[in-house]
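Report on the following structure.
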Amino acid sequence: MNMATITNDNWLLTVGTFLPLVGVLLMMFIPASEERTHKQIGIVTSAVTAAVGVLTLLRFDYGHSESLQFFVDSEWISVIRSNYTIGLDGISLPLYFLSMVVTLLVMIYTWDNMPDAGNPKSFIILMLVLQVGMAGSFIAQDLILFFVFFEVVLLPMYFMIGVWGGEQRQYASLKFFLYTMFGSALMLVAFLALFFQTGAESFSFAHLAEAGALIDRDVQIWIFAGMFVGFAVKVPMFPFHTWLPDAHTQAPTQGSVILAAILLKLGTYGFVRIAIPMLPQGAKAWAPVIGILAVIGIIYGALGCLAQTDMKRLIAFSSVAHMGFVMLGISTLTEFGINAALFGMVAHGLITGMLFFVAGSVKHRYHTLEISRLSGMLIQMPRLGWILGFAAMASLGLPGLAGFWGEFPAILSAYNPNFGLNVGLYRVLMVIAALGTVLAAAYLLWLYQRTAFGRPNPEFDAHAAHPVGAGVNDDHHGADIHDVTPIEWIAWTPFLIAIVVFGVYPQLMFDVMDPAVSALVERVGAGIP
Amino acid sequence: MLASTLSSGWFLENAWLIPLIPAIGFAFIIFFGKRMPQGGSEFGLLSMAASFAIAVGATVQWIQRVNSASSEGEHALGGFFGFARAVLPMAGEEGGHSAAFVEPVVRTWTWWQSGGLEFGVGQHIDGLSIMLLLLVTFISLLVQIYSTEYVSGDRRYTHFFAALTLFSAGMLVMVLAENMIQLILGWEIMGLCSFMLIGHWWEEAANSRAALKAFFTVRVGDVGLLVGTAVIFFGANDWAVERGSNGFSIRAISAWALSGEASNSVLFWGGVALFIAAIGKSGQFPLHTWLPDAMAGPTPVSSLLHSSTMVVAGVFLVARVYPVFFVGFDILDTAVNLITIIGGITIIAAAALAFVQDDIKKVLAYSTVSQLGYMMLGLGVGAWLPAVFHIFTHAFFKCALFLAAGSVSHSGSHHSFDMKKDMGGLARKMPITATTWMISTAALCGIPFFSGFFSKDEIIDNASHNGYQFFYWVGLIGAAMTAAYMTRATYLTFFGAPRGAAAGEHHDDHSDAHDAHAAHDAHDDHDAHHDDHHGRHAGPHESPWRITAPLVILASLAIFSGYLNAPAVGTHYFTDWVEPAGVAVAADHAATATDGEEHALGFAALAAEEEGGYSEGCGFTTPEDGTVCYAPKLSHAEFAWSKAAPSIVLVAFGILMSAWLSMGVFGDRKHPLKGLTSRSGIARRGHAFLVNKYYLDHLYEGVIVKAVAHPIAKAAYWINQNILDGVVNGVGRSGRATGEWVYRNLDQRVVDGAVNASGLVASETGHALQPIQSGKVNQYGALLFGAATVGAIVLILVNI
Amino acid sequence: MIASLLAQAWTAPTIDWHAIAPELVLVVGINLVLLVDLWLDEAKKWAMATITGLVLLGAVVPVVTLAVLGGDVRDAIFDGRYVIDEYALILKALFLLVGYVVVLLSQNELEEGGYYQGEFYVLLLVSVLGMVMMSSSRDLMSIFVALELLSIPAYMMAAWRKRDPRSNEAGAKYYLLGVFASAVLLYGMSFLYGTTGTTKLTDIGVALSGELSAMQILAVVFVLAGFAFKISAVPFHTWAPDTYEGAPTPVTAFLSVASKAAGFVALLTVLYLGLYGADEVHSPMIWAMAALTMTVGNVVALRQTNIVRMLAYSSVSQGGFILMPLAVMSTTAAESALRAVVIYLLIYAFSNLGAFAVIIAVSRSTRSGEISSFGGLMSYAPGLGVLMTIFLASLAGIPPLGIWIAKLQAFRALIDAGSTSAYVLAIIAAVNTVIAAGYYMRVLRQIWMSPVPDGDTTPIRPPSSVWLALGITAGGTVVLGILPSLVLRFADLPDLTGALGR
Amino acid sequence: MYAVNFLILGALLFSLGVFGVIARRNAVMVLMSIELILNAVNVNLIAFAMMNNSAEGHVFALYVIAVAAAEVGVGLAMVLMIYRNRRSIALDELSAMKG
């Protein structure tokens, strides 16, 4: 948003974003039969990409995190006045880096957890393409460019779900695809409307944020409506959420993780980065609606969770609730709220991603995710059980773990929203949202109690004959029910560490985001008479 | 009196290490515990010992700090000035006989920021936190020692110690919290640990359910904590930021609440919200039902978490940000307020429930609830110090009681907690345990010269002193009931004829706790240990030293801790060291004293119509510009035996009545006289009544028990189990049901249905349109030309 | 006086040979092919394809030189009734290129079918010539002639498989309706000429300003109907599915791309130059046609099981999208509308041809046109699978593949116009993109997610010519999607409109 | 006023032709109907040429005649082909492809 830009090392972003394509090209020329090679290439590529990401972190000027850095602005589609404009600021940096790390870890996880459909070549190629789209969406500073990256993500995810997914995969994948299509089509119309309303000069964020505020209110409201649908589908917000449980449940573990960790964030990011700063008055007019829908989502998602009998589907529904908190924070238009939202995005990415990993491994071992059939996980797989407990605790917003910092400030911020939004309404929302945390505790603990506690279900207990005590030591077990494997450790440890570190010392992220957010809110305020 | 002139020291400055060390210890246990010879318990013990050491150091330095402050203050020494405070409540600004305000030792580091505001994490050390630091580290240490024996051989020995240590860390974090967020952090960590520890033997559905229930119930209260924090934050923030602090800082909140600039409604609602959290955590009515269930956990857990430390977190919260409640509920100006109501109900209800428990731990659990009620009541009536003091004393004797109960079940009753089935007559078999138990009981009952007397009685006394007459009586009745049910428990456990396991027999229809234990035994090699453990000495016997040592220590403290603040003998060290003086001090970070206008409204008026007590000083008048108050100015009732008498009498009555009845009911039927007389001195005194025993039994069982005691208590219990508890469980169940319904009908049918329907519509439309494509050329031509013509006609009609 | 008359009659127009070189090359090429065909014996007929290809590429050369040397020839020859400008040149290039790809695609089809190769290529060339002329025509007469020149050979090509009744049926339907439509068109033209007194579009434009008479409205409607038939806009589309399904696939490709494009070119020229005064007549009509076309085409396509027929309906709906900007032709957005159509035609040609190319390659081995026959293509022909994915995704308008930028331009034109009706149309189009994605994804689902229907997983080996075609189309689709400026540059030339400048 | 009559004649022919195209099942009849329409067009063109006294109409008419001839040639060929294959030229039998 900020006009100030820093163009040192401006090659970094482009390299970091498009590097995976090198791997893709390489793999194109290697026969699909050489699976190990493909996996290796995948891991190496994403590792190098992540390394570039680390370099970006190092080169980032934290003193000016509110201004765009590594800024590039070069000709692209001059006719429609759209440029290849990229840059990174405190708002996008965490998500940009997260996308790289998640991809790397998922690659590693794939090493010996390839979904049943096989064919790692296509699988890994798709993931790499996905990575390009995700990273690109976070660096784009031009509406059209953003739109392109935003859409690039679609197909790979469609195929990941559709080819490597569960029984209902075809239905789920198509639903995901069409739903998102629908959203982005309306979104595109909104973008163009914004473009022409601002005098058809440029698609660059900076310009639109300047000029967008001058559009008169009613028009802003209409344009915002279009963007709202587009982003709300992606988030997903309450009435548009139904693709999510199906997609999550059917997707392969890797797909679920990426979906939860990054893809959903594109929607919320869009709100923060595009819809709100460019259409301040529209945002103000829509904020109560968003807030209400968000809170409905919190309660509704929680209730949905309580109704689930399938572990993975439960986790999927919990995403609806968590993103509800994020959206509530955004809808307050306060620094607190938006900071919380951004933090919540990352936290939710880590935590829910972790939960999906665990769910995937459970499925891998038990070949079922029926909560009623799972029990005594702590006896058969103590470590996995503890990790599940840890992730569950983090997910219900326990202070000291990352989840809390997305949740509490969001609730806090609802106490007095910005720009003269209806305080009474928001205080009601705050209390309901707070109650939502109780429900979160309810369904997560309930899940944990039934899956991890108790004695193992005889049908899975390899030593049902022996006294239950034999279940204590992990090595006594049937071939497929074993505890966390080294590869899983490698893939998961970063998540676990990050959850703790960000939980204990949130300043790590707030320090980066806050200046950018303050600048953004200031800009919005300027746009509201 | 500037902070600079106050003495400080390394321990005070680095008190933040106290929670940090156990936290690290926890990490060590988790990662290396299993490989250690002692299964990781050594890490726990070490870390607790270390933090205890630091806590002691900090305490010493704090006392020096206080003395340095008061010595520089222009008033007489402790003795006189404590007395002075008692005799002339008017000792306010005039005369200058005021205690020096001892600047807390505050250190913060930036933790997170938002909107340019930086929020810290750090330590806020004042009397209250020092007291609790010492208390928590000390008791944790004892309990851990005790546990090494009690849970030895448990298959999750390591996890047990991990959780125990993490718990201590959490509690300590909360105790020295510099701001609300940090307080919440500790608060929730404790919740988590209690979940882990209550559910320690999670193979049993019952235990894991209890764990779930505890966490869930407390979580309900936490909504209040979140909301309250938010309310207070936004109330205080601007004021605080102006003075270089922020709305989370506890100092800022206190000062703001007393600054006279705080809106009363904000304070009120914030207070209500926070108090709801306290209700949940401290097992106050009506959210107390989780606490008895929590007894499903191992006894050390009960003694540490659910008697002496964690459950007082709620009380601590209220005490910590007391100004909010003081002003919000304007205590001292009313005869009744939310806190006192809840506290009062809790005292009576819980005490009544304690009567009908057969599980010794449940008796103690309800007694805990009831005692917590006293603490709340104390805070509610403006008896801040007595309430805090009661936390202090209660911790010792209640912990002792639990450990004694544990000792009984461990060595006396074969892991049973059922007083009626498996105990009785253990006094002779387990002398140490019995003695310590009875000392602690005496303390709990508030028998003079035991610690409980000095704290509890102060609360009751101040209730009337501050104009809460009704609750004065509530307190007295509660005291009597306490005495009565404790006597009953004592008798059942240690006197009378040995029954069940206490008589050395093994039978397997034990209480849940036993099953749980047995079940967990079944999992591990504990069986072996278990058996030879009984092989060595069948039947009841005294516990090994690792159990008795803590008992002895605690019991002795149960006697002597009271003398830290025994007005009866004129000591008031506790007051001097812990109570923050309610005087205005130069706001050390009032960087810009911008607000020069008068705030004489509200408070001045209040002060005017204040009759009893006094009307000057913090909490009554607005501090002058540039000065702030951190604590309200509170008066203390003057101790007098005359005032203590009623409670003493009532307690005595309760004990005697109960003892007499207990013997009558539970006594040895065969040879009443011999049995009784030979059994206990109390009974010998009641000899005369007991001659015609059957008549007595009849009288008791027929009349009193059936007609009076039981119906009431039973009714209370029934309501408790079925209504209150039902609600708690109901919430869960109905939540599930609602979830099911919403998901089935709303989500799958309506919302999702709409989505899928739209797809269907499109495809069906296509189907409907296919006939147009008939394949016949003529029809195609007709359509072509027809469309053109129609179009032409319409357009012509429109345009001409 | 007679002398003067003669003198006037005999002032021979100065002919700019360079300007009409493309047409000349084609004419020469046509005769060449005819002659060679006579002498060449059946064994060597394969050479015909090569020669035809060379001719088409040869015709591109002068187009390029004209573009480079900026030959902007208007009134010089044929006094503005036949014009060579950038607009014309882009389209000429497009048609020639499409013709070349179609040749590549037809080669094996014809060889294996043992059809009359020589004649086929001649007709193809003639048809292309008609299109090339169409892009320069600025007069009712030349438009009509060009139209027939490109249509009549197409009728025959559609019926090329003489023994195949389906092919016959395709040809017959196409022919009868085509002729009927052009008759209606002519009837409209005659009124247009009658009421304006000229056949030169620019003059018609001048004359048509102001209040319209009933006769003129009728004329406009009939003219539009005639072109609407060519571009198979609903409700004038009925022939398309049947013809596309029955005709030989390469021919279908040719029809669905080239002759449709030609129709659009004619429509564009006429609307922009001649009928801009009659906007209150054609705007609503085109608006309705666009909405109907995209919607009907899409929803009916949802039900199709034959892939060619599905693509037929898809190209109908795509026509709707191309038509969309024309609805705002008469507003300030005229320029962006014009640009949008041209861009769309260019990119659409690549993607659609590509899709047909894959179908040709696959159906050669599966011998089936059912969508289900694509089941599990990824497992035995990943190359073709990926290519098909690219083409269909492009048709669905997913960035960064070709058509997204075209769709973007179309939306852009509408929103540029900014009128309510335009916004409504934009929303309808937005919804339609989703429906369209529905059936494109169905094919992709077969390719990626379904098992092979008959266990036969012998890898497919398409002939090199098809590979070449695939290469060209895929390259175009991807490159134009990522770097649209390459083509947008042409469309951006000020004198694209300037050339047509009234 | 003469011209108007020509136009009316043209309209009549046109209507006849359209009727034939729509109503006739016989391919040859349809062809002839189309010829009618084309001739209607010719009549119109000539009439208008006369009104506007410009030559374009005549030229246009000539083009139309030529093109019409070509069309009929192709058309008859096609009819013949169909007749060979199915011994009938009834159009409504040509409906193998529909929907």
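By letter and in written order, the chains are A, B, C and D; residue numbering begins at 1 in each of them.
We adopt the following convention: a contact is a pair of C-beta atoms (placed from the backbone, for glycine too) under 8 Å apart; a residue touches a chain by one contact, two chains touch by 3 or more.
Just so it is clear, the structure is predicted and the values come from calculations on it, not from any experiment.
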| item | value |
| --- | --- |
| Innermost chain, where centres are averages of C-alpha coordinates | A |
| Pair sharing more residue contacts (C-beta pairs) when C-D is set against A-C | C-D |
| Inter-centroid spacing, chain D versus chain C (mean Cα positions, whole Å) | 25 |
| Centre-to-centre distance between chain D and chain A (centres being mean Cα positions), rounded to whole Å | 65 |
| Distance from chain C to chain A - Cα centre to Cα centre, in angstrom | 43 |
| Intercentroid distance (Cα basis), chain D paired with chain B, Å | 99 |
| Junction residues of chain D, two or more chains touched | 21, 30, 91, 94-99 |
| Set of chain B residues in contact with two or more other chains | 759, 770, 773, 775, 777, 781, 785 |
| Set of chain C residues in contact with two or more other chains | 172-173, 176, 180, 184, 241-242, 303, 438 |
| Listing of all chain pairs that touch each other, if any do | A-B, A-C, B-C, B-D, C-D |
| Chain A partner contacts - residues on chain B that touch it in the complex | 110-116, 155, 181, 184-185, 187-189, 192, 195, 199, 202-203, 205, 208-209, 211-212, 215-216, 219-220, 222-223, 226-227, 229-231, 233-234, 522-524, 732, 735-736, 738-740, 742-744, 746-747, 751-752, 755, 759 |
| Residue numbers on chain C that touch chain B, as the complex places them | 172-173, 176-177, 180-181, 184, 212-214, 217-218, 221-222, 225, 229, 235-236, 238-239, 241-242, 280-281, 284-285, 296, 298-303, 435, 438 |
| Of all residues in chain D, those that touch chain B in their complex | 18, 21-25, 30, 91-92, 94-99 |
| Residues of chain B defined as touching chain D within the complex | 770-771, 773-778, 781-782, 785 |
| Interface residues, chain A side, partner chain B - complex | 175, 178-179, 239, 241-243, 300, 302-308, 334-336, 339-340, 376, 378-379, 393, 398-400, 404-405, 408-409, 411-412, 414-416, 430-431, 434-435, 437-439, 441-443, 445-446, 449, 452-455, 467-469, 471-472, 505-507, 510-511, 514-515, 517-518, 521 |
